[in-house]
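Common to both upcoming complexes is subunit A, partnered first by subunit B, then by subunit C.
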Partner chain A sequence: MNILIQTIGFGIVSASIIAVGAMGFTIQFGLTNVLNLSFGGVMTVSAFIIYLTEQQAGINVWLGLLLAGVGAAALTVFLGKTVFKVYARRGTHLFEMVMVTLGLSLVIEYAVDAISRDQVYSISFDQGASYHIGAVTLSESQIIIVGIGIVVFLALEGLLHLTRLGKALRAMAVDPGLARSCGIPTNRIVNATWLISGFLCGVAGVIYVINSLSVSYTTGMLFLPSVIAAAILGGVGSPRGAILAALLLGLVTQLVAAAGLSAYSSMAAFGVLVIVLLARPSGVLSAAARKVELTL
Partner chain B sequence: MGHYSFYISTLVVYFGIDLLSAWSLNLQYGYTGVINFAYVVFQATGAYVAGVVVLGSDTGAGSYQHYILGAHLPFPVPLLAATFAGALLSGVIGLFAVRRIRRDYQAAVMLILSLILLQLVQSDTAIFNGQDGITAIPHPLQSALGLSLSTYQWVYALWVLAICAVVYVVVQKLCRSSWGRSLRAIRDQEDAAASLGLNGTKLRLEVLIIGGAIAGLSGGLLVEYIGAWSPGAWGYAETFVIFTAVLVGGVGNNRAMLLGTLIVPIIVLEVPSFLPTIVYPGLIDAIEWIIVGLGWMGFLLVRPRGLIPERRFHAPRRLSSAVDRVGLLGVIAPVTANVGAPVDATAPAAGARAERGREEE
Partner chain C sequence: MTSRWQHLGRWAGIASMVAASGFAVALPAASAGATNKAHRSAKAAKGALNEAIVIAYTGPVSFEGAAADAGVYPAIDEINAAGGILGHKVNVVPVDTKGDPADAVPQVDKLIATTSHIIGVAGVGTASAPTIVPILNSAHLPMFAFAGEAAFDHSKYKYFWRLLPPDDAVGKAMDLYAHQEGYKKVALVFGTTTGAQSNLPGILAGMKPTHEKLVAKITVTPEQPSYRAEVEKLVAAHPQVILTEMDTATSVTFFSELKQLGHMLPIIGTNTEVTSTWENAVRKALGTSTFNKDIRVLDTVAANKSPATAAYAKALKLAKSKVVAPWTGWVGNSHSQAAYDAVVVQALAMTASHSVTPKVYNNHIMTVTQKGSGKKVVYTYASGVKLLKAGKKIQYVGAGGPINFDKWHNSFGNMEAVKINAKDNTVPVKTIFEKAILKIG
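Let's turn to the complex of A and B:
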């Protein structure tokens, strides 16, 4: 019984890591309709930023986190404004866009590979004291990770529902044309989305490597499946859905691992996604069924 | 001379195998619009299966490798098993992956699958010997034919090319049949095609299975040539190479795959292996991948249909002359003829794709 509760505790930790990435992914996907596979590449970049700042230069971890977030946000905005915009202007289809983003991911990944000399770098990070919460024992850094997940969720919900920017974001996600004709500066809103999404992507990359303790050019691609699965599972554009889906995936992964089948834990998470695709495909229906266009 | 002969025969074998892969992906993406980012998984399935069914029961050579399905099967059976395994896995995955969901979701699901299955095979050493992979797979028939390695290389290259020729004929026949036309119909206008009674999900599933069979076959051929297979051989980026070959050659044009395969996997990825190491080992590989990625993005931007795109389909003369007389191509043809043939006649209504110039000669 204690093992079960402990496993649930670990599940919540991995859920928080997935959730931060999934919320960043889903908010951008919901608004621009770009299924952005280069998210993985950007996460790798942010993981290397924390490695270089916190591990090599000895900068405070919170400052490193901020730098990684800002770096990832800047990179994402840059890609959104240059690469994606160019393709959107050329009339690239939705399904071609997903191919473009994968190409971009490959380019970023191997650029990082070239710069990082094809090595895996280990991260030594003081996990802090252990705390006992009921039957669950978590390290300080794990508790902070859960805290970051909760703070990001609350901040995003607050942003979406309490501010004018959030209102504009939601309006644009529903109908970009109508939003534009109501005087919403759609261009600026899209920029804001890239910025938020990129920042969350950076934070997710950092807490992922702080938990997994190593970084290489494949880091982002290892983490990306969970992020996309949570975003699709939770329903596009919904931070609430993303956090629930992340909880489900995190718990399933940890429970399967605790049952001694750790090789199958990510497969089990994928199984959940498949069941959802089969049983409840609303929101993932074909573009013909729901009119969807690129908004850039 | 010996080195060059060895190198060139190896390139010929790789060319043939990549060509098979390109035809498989072209059938799926070019003709049907299925973005199969998990292609390499099916190739790997074929490779593993072809390997384990010749290695003998579990222990393998010297009992240092562990795997499922171990057996000692004679020459052509492993290839058939590989083909069947590729088709079977494609069928299972297709049951959920090619349903009527948005194509970008489909692509993402396939990519996730590719990444996760790789992790699975890496971490569960009981399936296909984990990270180390399977090795010591013998060359088929080398001892029976009594050939030296250098001669055998060329015999194997010819064997691969012969299989390519057979597969080409089959694929080309399929693509030109009414079944092939219905593939293009669901690719361009799924709603219109459905109104003619075409079942898009079923067609996509069939295409995935046929493509998976070719993928399994190519994997089997590859593993029997190189003699080993491990997770390092099937990262998601490998799918990308073949996809880039399809994009560069010409989407929906089987002959153009020759050009695409020559340019991308052979010239960009194989020829630089001649170059000496610069700065550190692995840098040239990384640069090659960046070039492939940029090439892929560049083609999607400038020529998303490739260098030699699909040619416009011409209806059989009998039908088209009849339609010329009637002059109501778009109205009568889809109704009167059986499914498939005249569906291209709906192209004028096909909107975006037609606007992008796909239909021009």
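Let's turn to the complex of A and C:
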């Protein structure tokens, strides 16, 4: 019984990491309809930023997290404005845009591979004291990771429902043409979305590394399937759905591993994705089928 | 101004599209490009021979490529410096299999179809070996494999040779070492890769004769963000020792979490872990004192004081710009030593047979490696050639120690448990004798 409770605790930690990435992914995907596979590459870059700032420059890890978030946001905005926008203007369709993002992802991944000399880098920092919450023992850094997941969720919900930016963003997600006709500055909204998405991508990359304690050029790409699965399972554009889906994926992964079937944990998680989407093709918290045009 | 920017935007779009799609195609094929380059340079040198390295340079087992390079390039440079093989200079043709059987086949087909004067192949690696070995064997190309698969323990491939212990033998050696250290309750933590999994049959076979009890068997999917559930399961089983083989990132995460829970245990790994990447990352994750105290790995017995090892170290230093830094990390590496010995053995066999034809010299590999009456022991290519030209018979003792091929072309000898010091050098702790390994059956 204790192992089961502990496993749920670890599942929540894993879910928090997935959730931050999935919320960043879903908010951008929900607005622009770009299935951005370069998200994984940007995540890898942010993971290396934390390695360089924390391990090489000696900067505090949480300050490093902010720097990595800012760096990832800047890179994402750059890609959004210079690459994706150019393709969209030239009439690139959804599938071709996916291939562009895949190409970019490979460019980033192999560039990082070359620069990092194909090495795996270990990140060693003080995880802080261990806390016993019932039968669950979590380190200080893991509790902070869960806290980050909750804060990001609340901040996004607040942004979407309590601010003008959020209202504009939701309006654009439903009907970009109508939103533009109503005087919403769509370009600025899209840029703001790239910025938020990139920042969350960077934060996700960093907390992934804080938990796994190693970074290599494949870090982001290996983590990306879980992020996309949570974003799609939760319903595209829904941070609430993303966090619920991340929780489901995190718990399934850990419970299967605790049952002694570790090699099948990822398979089980994606099996859940397939089954849930069979019942609810638009995701758990998405009411209707989405409009599928690029909005850039 | 606007039209100028629109014009620029159009070209930027075209350039970006070409770049994005081009890179997607070109980057994975980078290794093939390297192969072509090597191929062209080989053709440019008249009469030159080509030694191929068919191994993973990218992907999860890319450490094999680095180890192969660290053996082959020094050997080739040494051979060329000594006048080449029967007057022919030798080039290296690297081929990246990515450690994937499906990726490996077309690369090997291409190598055979487009490269002339291939004399042999070094480093057929784990995972891709089952698909590559039959192709190379059909092409009559002697190959010296890194692959540890037990399927090659008793294979009938005439051109297959292996200077490293098969994985099942490593597994049995792990059992024997754990037994000698007095451990009774054993946990197995292995990655899902072919190379890692192929140790398990040997370990399980060795448990009964060593009276060890398996308390946990955990298979981990590589590079997950956390293994806390698996670690908790491991701890709950109360093992005395962990036998393991995992890639670097997985090892860092798994063992860090084990240490965080305050349940660090002695760990016995395989020779796959004797790479500077693995050592540096895991040492940093665990701390030097824990790493030194708890980590032991099974490796082949390195002939540290042999003249062949000294010759290898010298050749390696001279070729240091061609190998992954730091070059000193490869001096005691059993894989790179095996790759070095493989090339020297091939070159000596060609000299002994007076032929650079693979089909001919393959029959003389045993001639230059096995013990025999009247044979002179040699430790370098140059000294071997000198004696062969003088009509003497030789036995090459390599950087990895004496070579003693069985009838299935496997040679591995004694093994030893080693610890790894701060300079990435292996320090022997206990010898596990080949006889004891073979006795397990």
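Methods note: the second predicted complex is superposed on the first by the 286 of 296 C-alpha atoms of A that agree within 3 Å, B and C clash if a C-alpha of one lies under 4 Å from a C-alpha of the other, contacts with A are read in each partner's own complex, and residues count from 1 in each chain.
Just so it is clear, a contact is a pair of C-beta atoms (placed from the backbone, for glycine too) under 8 Å apart; a residue touches a chain by one contact, two chains touch by 3 or more.
Please read these numbers as outputs of a predicted model, since none were measured by experiment.
Colleague: Is this a clash or a fit when subunit B and subunit C both end up on subunit A?
Modeller: Clash - subunit B and subunit C, as placed by superposing on subunit A, overlap.
Colleague: For A:Ile232, is the partner it touches subunit B (first), subunit C (second), both, or none of the two (neither)?
Modeller: So A:Ile232 only meets subunit B here.
Colleague: Taking the superposition on A as described, I'd like to know which of subunit B and subunit C A:Leu104 touches: first, second, both or neither.
Modeller: both
Colleague: Applying the document's definition of touch, where does A:Asp118 land relative to subunit B and subunit C: first, second, both, or neither?
Modeller: both
Colleague: Of the two partner chains, subunit B (first) and subunit C (second), which one does A:Leu63 touch, if any: first, second, both, or neither?
Modeller: After superposition on chain A, A:Leu63 lies in contact with neither partner.
Colleague: Touch check for A:Leu154: first (subunit B), second (subunit C), both, or neither?
Modeller: A:Leu154 sits against neither subunit B nor subunit C.
Colleague: For A:Ser212, select first, second, both or neither according to whether it touches subunit B, subunit C, the two together, or no partner.
Modeller: Only subunit C is touched by A:Ser212; subunit B is not.
Colleague: Go through the superposed model and pick first if A:Gly91 touches only subunit B, second if only subunit C, both, or neither.
Modeller: The first partner, subunit B, only.
Colleague: Per the contact definition in the header, classify A:Ser262: touching subunit B only (first), subunit C only (second), both, or neither.
Modeller: After superposing on A, A:Ser262 lies in contact with both subunit B and subunit C.
Colleague: Answer with first, second, both or neither: which of subunit B and subunit C does A:Gln127 touch in the superposed model?
Modeller: Second partner only, subunit C.
Colleague: Residue overlap on subunit A between the subunit B contact set and the subunit C contact set?
Modeller: 83, 86-87, 90, 99-100, 102-104, 106-107, 110, 113, 117-118, 222, 262-263, 266
Colleague: With touch defined as at the start, can you tell me which subunit C residues reach subunit A in the complex?
Modeller: Touch residues, subunit C against subunit A: 9-10, 12-13, 16-17, 19-21, 23-24, 27-28, 30, 58, 62, 192, 218-221, 223-230, 232-233, 236, 247-249, 252-253, 256, 260-261, 277-278, 280-285, 287, 324.
Colleague: So in the complex, which bits of subunit A are touching subunit C?
Modeller: 3, 6-7, 10-11, 13-14, 17, 82-83, 86-87, 89-90, 99-100, 102-104, 106-107, 110, 113, 117-122, 124, 127, 130, 137, 139, 208, 211-214, 216, 218-219, 222-223, 253-255, 257-258, 260, 262-263, 265-266
Colleague: Quick one: in the complex, what on subunit A touches subunit B?
Modeller: Listed in rising order, the residues of subunit A that touch subunit B are 35, 37, 83, 86-87, 90-100, 102-104, 106-107, 109-111, 113-114, 117-118, 221-222, 224-225, 228-229, 232, 262-264, 266-267, 270, 273-274, 277-278, 281, 284-289, 292.
Colleague: Where on subunit B is subunit A touching in the complex?
Modeller: Listed in rising order, the residues are 33, 35, 37, 96, 99-105, 107-109, 111-113, 115-117, 119-120, 123-124, 190-191, 236-237, 240, 243, 280-283, 285-287, 289-290, 292-294, 296-297, 300-301, 304, 352, 355-356.
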